[in-house]
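Before anything else, here's the structure in question.
By letter and in written order, the chains are A, B, C, D, E, F and G; residue numbering begins at 1 in each of them.
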Amino acid sequence: MFTVNLAIMIPFIAALIIPLVHKKVSRSYIGWVVFIVPAALFVYLASFIPSMAEGNTIVHTWNWIPSIGINFTSYLDGLSMIFGLLITGVGALVVIYSIYYLDHDEMLYHFYVYLLIFMGGMLGVVFSDNIMVLYLFWEMTSISSFLLIAFWYHRKQSRYGAQKSFLITVGGGFAMLAGFIMLYVMTGTFSIREIIASVDDISAHALFIPAMALVLLGAFTKSAQFPFHIWLPDAMEAPTPVSAYLHSATMVKAGIYLVARFTPVFGGGEIWFWIITGVGFITMIWASFNAIRQTDLKALLAYSTVSQLGLIMSLFGMGSAALYFGYSAESVVYTQATFAALFHLVNHSTFKGALFMVIGIVDHEVGTRDIRRLGGLISFMPISFTITLIGSFSMAGVPLFNGFLSKEMFLTAVLNISKLNIFSLENIGAMLPVIAWVASVFTFVYSMIIVFKTFFGKYKEEKLEHQADEPKMGMLIPPIILAVLVVVIFFFPNILGNYVLSPAMSSIYPGFGPNVDLGVEIEQWHGFNTELWMTIGIIITGIVLYLLLKYWKGIFRLFPRRFSFNRLYDNALLFIENRTTNITNMYMTGYLRDYLTYIFLFFIGAAGITLIYTGAFTFDVSNDVPVSMFELIMVVIMLGAGISILFVKSRLAAVLLYGVLGFAIAVFFVIFRAPDLALTQLVVETITTVLFLACFYFLPEWKKEEHDGRTKMTNIIISVGTGLVFILIALGVQHGQLFESISRYFEDAYELAGGMNIVNAILGDFRAFDTMLEVFVLVIAGMGVFSLIKLKSRKGGRKIEDQ
Amino acid sequence: MPAQFLTNLFIAFLWMLLNDEDELRFSTFFAGYLVGIIIVFIMHRFFGTQFYLRRFFALLKLILIFIRELSSSSVFVIKHIVKKEVTIKPGIFYYKTELRGEWEVSLLALLLTLTPGSVVMEVTPEGDAFYVHAMDIAESRENLLRSLAKFERAIMEVLR
Amino acid sequence: MIEYLVVGGLALYGIAIAVAVIRMIIGPTLPDRVLALDIIGVNLISCIAIISVMLSTTAFLDVILILGILAFISTIAFARYLERGVIIERKRDS
Amino acid sequence: MKINDVILHAVTKIVVFIILTLAIYLFLSGHHSPGGGFVGGLVLASAFVLLYLAFDIETVQKGIPFDFKLVAALGAFIAAASGLGAVFFGASFLSQAFDYFDLPILGQTELATVTVFEAGVALAVVGTVVTIILSISEDV
Amino acid sequence: MNNILVFPMVLPLITGVILIFLRPFIKLQRWVTFGVMAVNTGISLYILQKIQKDGILRLDFGGWEPPFGILFVGDSFSLLLVLTASIVTAIILLYAFHSLDAAREKMYFYPLVNFLVAGVIGSFLTGDLFNLFVFFEVMLLSSYALVSLGGSKMQLKHGIIYMTINVVSSWMFLIAIAYLYGTVGTLNLAHISQRIAESGQTPILTVISILFLIVFSLKAGLVLYQWLPGSYSAPPAVIGALFGALLTKVGIYALYRMFTLVFYHEPAITHTLIGIMAGVTLIGGSIGAIAYNDIRRVITYNVVIAVGFILVGLAVLTPAAVEGAVIYLVHDIIIKALLFLTGGTMIYLTGTARIENMSGLIRNYPMLGWIFFITMLSLAGVPPLSGFLGKVLVGQGAAETGSYLLLALAFLSSLAVLYSLLRIFLNAFWGETIISEEDEIPLKKGRLVPLVVFTLGTIALGLGVESIAVYASDAANVLLNPDIYIDAVMNDN
Amino acid sequence: METIIIILAGVLVSVATYLVLSKNLIRVILGTSIFSHAAHLLIMTMGGLKEGSSPLLGEEAATYTDALPQALILTAIVISFGVTSFFLVIAYRAYQETNTDNLDILRGIKDE
Amino acid sequence: MNGNGILEIIAAIFIFGGGVLSVLSALGLMRFPDIYTRNHAGTKSTTLAVLVTLTGVFMYFWIAEGYISVRLILGILFVFITAPTAGHIIVRAAYRSGVKVSDSTVEDELGPMLRKKEGEREGES
């Protein structure tokens, strides 16, 4: 059966096939082969629309890590359907566009591979029910986005943008993963549906808020919300089809999707409401304001995208208020915010996709996107102009275009919410309409900039790389289709509303029951209400501001670039690199003494403190066996010889004293009834001494240790401390013996192993394994010594690496 | 001479067989060997050589000479150690020996060195003379030379 | 009586060794120190023999022999080192 | 004046034989009294060390022309292989067996597989020690 | 009696010694060593299966019953590690065949590798504390020899530091054993555990446990990792890969074994300390990984980070965390080998280890570039690669026990890993191509194949992680229920 | 006796620690060797001192001293011999290559 | 006291006497002016001390336990052979490594010889 799971996999399969066949297929055909994938998937998904509209869902599971509960479970419902259609629909258009846009690039097949991976990843994100699998696809979109941004990786700016987007989105992804893990800890399941089902049990859990914050971190970074928006403008280094597809229509909406998806989990409370709404509003106004100052058309579109994403985000935030009330006639008003969000989501994809494509066309044709070099293109590129006009006006919220409808609904939602008296809204709720209005004015202004600065005014031929001209028809078709959609949706919004948007509403408000229709009848005209007056105000103010632009542009200088978040990001990286180097060099001195100091200090500290803290130090000499005169003398000798080693000036004297230590220990082994040990110790001692002497031939005589006073003092403290801890533990053990040794068993060595020498029986039989290995240790040492001496690097022949 | 030794061994084994004990005992063997020595000594002229244990006795004599020298010179050294003031006058002198060959020379050097108060410092490259360090050359040169002569003779008896 | 003599003898050897160690520490020349080590080694032979008497065991008699051998070997090694720097030669010139 | 080592050489020639005998004695008697593979091997090695000290590498090599690296390896091999031997007889790795046999001349004798194991140990010890000392000394 | 249990250790051991005799025959040495690792893989797979069927296996050496003799104990944890070590060594060897100079190969490289592996595998399998010490020494001596094999200045300089630190830590190990023996009078791990359970973990035992913690931390590179970056980057890449893949893992293994089987009664002291140490290691490793432009340094600090990460599992000690740590351990063995080899290949191809001197390599060596890219993602724990599940489970454990700081550090460290390698990728693989086609050193198949195999390995292990999750879960079960282990060792079966 | 030996071992540990903190490589190596002496004394002490006869059944004594620590020490002695010899060689090889045995100077030698 | 008892005491006296000798020679080690004279006290007197003690010990085992220790005899023999060799070697090494004889030394026939021969060799080369 052709399942949704398989639908996710198809782009990946295609991505795997392309590198294998790209040499055999003519360059111009690859694109068309690729085109089949999203187009077919779009059709396939669209075939489910009627079923979805009836409130059905489709679930399918492939096992991946069943023992942990991580499986590929796809879940097709209203919400994922919207995104699925966007991904495949816009995807198909973008592929067509790319075929013409990128026809000169030699690494073309890479582009398609990345694009397909992205497509599959994005479908995976929206269709996955299992949050771990969702995360998997989530990172896949970040990765493919990274690769696409750096498609021209020889350009420094491309690498910079790629790195920035990667760090921010993947970092956010890590946070989101942590949040997901917390969700699992709270609910015991990785399935979103099951998590939603157990919402009531977790809202008081200690991990609830952290989980929410972490998931939102993922969402905000992905959707370029303030202050994480900084990656998006730099992502414009990507080829324009990518910008149109990933960085406006789909990937950046993954964060929005996540918020929508998790609204039933986290929504309904004040924190969620304010974080989403607040961040959305801030993002919206900050980005729309900043869009105006941009001179690069793509950068302008990027800021506009950020701003629009903020708008959608804020709508989801406001829509979550409905959950506070539960289902009632009154609360339905607030769900309209969510509906508006979904509507604007689609609309934005259409008009912004069209705009990106046209700007790409302009760039492609004249070789620049700098507003200061553009102008007067209308006579050379009338079709492009028309599309731009439609897209911009829709974005600006002007009637006849779909943007107007959703913008009106946005204003309605803001007005509704501002009248609420929960969540402290009674105090600052009135601010929201004001912010929304101001942001809309800015939006209007930059929309005008796009149209008028590019197509009107003086045509500056000398500043362009090529003569302006319309591109091939194939390149125009995709934006035309989108532009047409912009207009068609304005006139027939409810087809979309009823069949696509309404089913999604029940995904976001599952608690309201399956039979509740949260759909909204969208009207082009609803009388002269506040919203309309606000829109009229926006247009008038916008026109005025646009015309007076050069007079008030100076205001941007009040926001110097060095305080920008971009600078913050750059400086932070620089700071991290420098500081980390300093910090690491501080303790990684390469000096053996320092490393040993850490070890001994750790030993003294950890063991010493535990000793005191646990009260383990006790001692008792009553069980000690008595000491004879001779033994005492031997102890004194050893102490004398040992300590003298520190002071003697010649290394030979040191080795001699060391020899005394060795002999004396052998005597102690005799006193302690260990003949085998005494024998071994003596021979080993002597051979070691011979080795020392043999090596001395190669080494210079000792020089005086030139440590400064402080180092010397530290050395003394560490040495004494180490010895002391050693002694204290030993005394504690001596007093704290708990069990008899097992070694009585070995006293039957004769019966068991046929040997009268117990030590030898242990070495040769009971613990022969140790002995065998020990022999190997010796042999390895021998081989090591041999090879170390015989294999010398040739003088002067510096070898950086093998061979 | 090996023939004498083998004969002696044979007698010892014969002795053991004659004793007919149920296990092998070293003491029995030793007793048999002693008996053998007596028999071989009596019969040694039949072998046409000297009695094979003659060197053994020479060795015993050497050891006795050595122990006497050792004791007397030890007393001498210890006397100096316990004296209130150290008054010794050490010195290094040259001594040419009649002995030849590695073993003879070495043995002499060892004996001389073992006797307190003197130590062989160097053997000449030709191997026929020593440089000897004496602890108190003024007092003991004559004694040392006398000991050396005694040792040389005894060594020759053993090794030649 | 016997015990006192034996224990006393052992203690005396201990003192002798201690004195030798002092000689080793103060030197002044390296051969002095080597000499001290040799003396310590030889004295230890006696010590172990006496300990064997005290414990009335023959288990350590091997140690005595070994100690004699090893004191000898180390002394030669040190002396060689003092004399020539190289303790084991590839080929002696003589 | 050239050094004349005649005394040292003479003494070494005697002493080495004593050490070698002792080494073999310690090795064989290790089962019942102090000694065994390690000690035997080490003492054997010290005999070699003495030879090298008193004579020189070339002279000793002429008398004892082994590649001591291979001696070491052989020892280790014997030690490990004796463990595997037990496996072939269906016992646990490194199982040792011993029994008493009446042998001609030697009388009742204990024969133990542990002797094979210990022989490996001893060889490895000798081989390694000599390898190390020779490697260093030959570097001059 | 399960003699089969000794073979993964004894085969390399005996092979190593036989290869000493075969010194002149390099080709033979290569393939025999490779063959041994292959056979080992088969055997350990077989044992692993057998354990699932029959429970924990043990082999009493010489037939002496515990606690009197020494024994090998095979449970899922140890066998998983044995298996992975065998496979990874085999693949690393393939790289050695084509990268190591003949002089090194002739100087007992293959015997030393065999000994090293025997030491590592023995450490995983032994059930006796002192025997563990001996295995450590087998491993360490081989590593001393390997780290200095070739005798370049850099190798000797770092070799000395490496050696001294390890000698000191071996000393601490020995005295810790002495103290423990003095207290409980036995050396068999299970028996020690049994006795401690009987008497309770007295304060002095806790102090002793701290000593073991220090000792194994030194081997694992937990907090006390200062010796690690230098000594792992000094020798040729192959040796670095062996070290990076295997050596620290032994320390980690020992920490897990000791602090789950023996010293688990005072977690408030011991496991808290482990947690703190893991955190510090994560921070230090992350800082170090970002600090340098020398590829070798970046790689070695990545080793450190992983150590901290895996020890988070021990600190929080929940079933999920331990299972995750086991999986992560397996993953890390593979991925560290790959990382070292990839880095080594880059250095070989460019003649420099500094990323600012490299650029645009992906055009010259696209395959290498993508391998590096996948390595980077796998290290950062990006799904579906092998690093993912371990990371999730360890994180889950940290979240369950409320160890938020550890959770945060663990996840932030992933970001540091990513960033540190991303810098290499951006600077070295992307950018203007600076090596012209004439100057390009060919990347031979011999070097590439092992890299590809490892890369496929990390992908396959990620996708097929369920296949080892079963074993990991069994391993965690045994680790968290010491009685299972003790029963298997102390009772006749 | 036990306490005295423990203190003796402890002093040796201090000496060894001081030595390994030196700049001079030979001192470091000597330090590590002294460390092992201290460890051996400790193991011995932990097994109980001077109780019973040597672990030779031929002695036919009533009690024997603990043989296990003796076996362990023997193993440890041999291992530490192997380590020390390798250590010495690496030290002089380092001197041959770098012309210094001073660790402080050695660290300044650039990594290739 | 039976015969064995007396013999045991004699053995013990030997043992003790060795100790006394050894302390005395150690004293010499401290008092004598240079390495060459100390060597006399050191090697030889100590050797004597050890021989005396070992003889005592040998007697003890023979008498008290009926044990004739071949190893002890070997040990005595060994000391006999090696102690003078060691003494010889040390003195030679000292002299050749340039340790001066003390001022009280009245005669040195070796020094000029050694220097002369070395001079000749240098002349040759």
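Just so it is clear, a contact is a pair of C-beta atoms (placed from the backbone, for glycine too) under 8 Å apart; a residue touches a chain by one contact, two chains touch by 3 or more.
Note that the structure is a prediction, hence the values are computed from the model and not measured.
Enquirer: Chains in contact with subunit C and with subunit F: which ones?
Expert: A, D
Enquirer: Taking mean CA positions as centres, which chain lies farthest from subunit D?
Expert: It is A.
Enquirer: Using the touch rule from the top, work out which pair, A-C or A-D, shares more C-beta pairs.
Expert: Higher C-beta contact count between the two pairs: A-D.
Enquirer: Comparing centres built from CA atoms, which chain ends up most distant from subunit G?
Expert: Chain A.
Enquirer: From the mean C-alpha coordinate of subunit B to that of subunit G, what's the distance rounded to whole Å?
Expert: Distance between chain centres: 17 Å.
Enquirer: Averaging over Cα atoms per chain, report the distance between subunit B and subunit F in Å.
Expert: Taking the mean C-alpha position of each chain, the two centres sit 44 Å apart.
Enquirer: Round to the nearest whole Å and give the separation of the Cα centres of subunit A and subunit G.
Expert: Measuring from centre to centre gives 80 Å for this pair.
Enquirer: Return the distance between the CA-based centres of subunit A and subunit B, expressed in whole Å.
Expert: From the centre of subunit A to the centre of subunit B is 92 Å.
Enquirer: Return the residues of subunit C touching two or more other chains; collapse runs of consecutive numbers into ranges.
Expert: Subunit C, residues with two or more chain partners: 10-11, 13, 15, 17, 22, 30, 34, 36, 55, 59-60, 62-63, 65-66, 69-70, 72-73, 76-78, 80, 82-83, 86-88, 94.
Enquirer: Residues of subunit F that touch two or more other chains: which are they?
Expert: In subunit F, the residues touching two or more other chains are 20, 25, 28, 38, 42, 45-47, 53-54, 56-58, 68, 74-75, 78-79, 82-83, 85-86, 89-93, 97, 103, 107, 112.
Enquirer: Show the residues in subunit E shared as contacts by 2 or more other chains, in ascending order.
Expert: 13, 17, 20, 61-62, 130, 134, 137, 141, 144-145, 148, 151-153, 160, 164, 168, 175, 179, 181-182, 187, 230
Enquirer: Every pair of chains that touch: which are they?
Expert: So the chains that touch one another pair up as A-C, A-D, A-E, A-F, B-D, B-G, C-D, C-F, C-G, D-E, D-F, D-G, E-F.
Enquirer: Considering only the defined contacts, which subunit F positions touch subunit C in the complex?
Expert: Spelled out, the residues of subunit F in touch with subunit C are 53-54, 56, 59.
Enquirer: Under the definition above, what is the set of subunit C residues touching subunit D in their complex?
Expert: Within the complex, subunit C touches subunit D at residues 59-60, 62-63, 65-66, 69-70, 72-73, 76-77, 80, 83, 86-94.
Enquirer: Mind pulling up the subunit F residues that touch subunit A in the complex?
Expert: 1-15, 17-28, 30, 33-34, 37-38, 40-42, 44-58, 64-68, 70-71, 73-75, 77-79, 81-86, 88-93, 95-97, 101-104, 107, 112
Enquirer: In the complex, go through subunit A and note every residue touching subunit F.
Expert: Residues 589-593, 596-597, 600, 619, 621, 623-627, 631-632, 635, 638-639, 642-643, 645-646, 651, 654-655, 658, 661-662, 665, 668-669, 671-677, 680-681, 684, 687-688, 691-692, 695-696, 698-700, 702-703, 705-707, 715-716, 718-720, 722-724, 726-727, 730-731, 733-734, 741-743, 746-747, 749-750, 756-759, 762-763, 767, 770-771, 774, 777-778, 780-782, 784-785, 788-789, 792-793, 798-800.
Enquirer: Mind pulling up the subunit F residues that touch subunit D in the complex?
Expert: Subunit F reaches subunit D through residues 54, 56-58, 74, 78, 82, 85, 89, 92.
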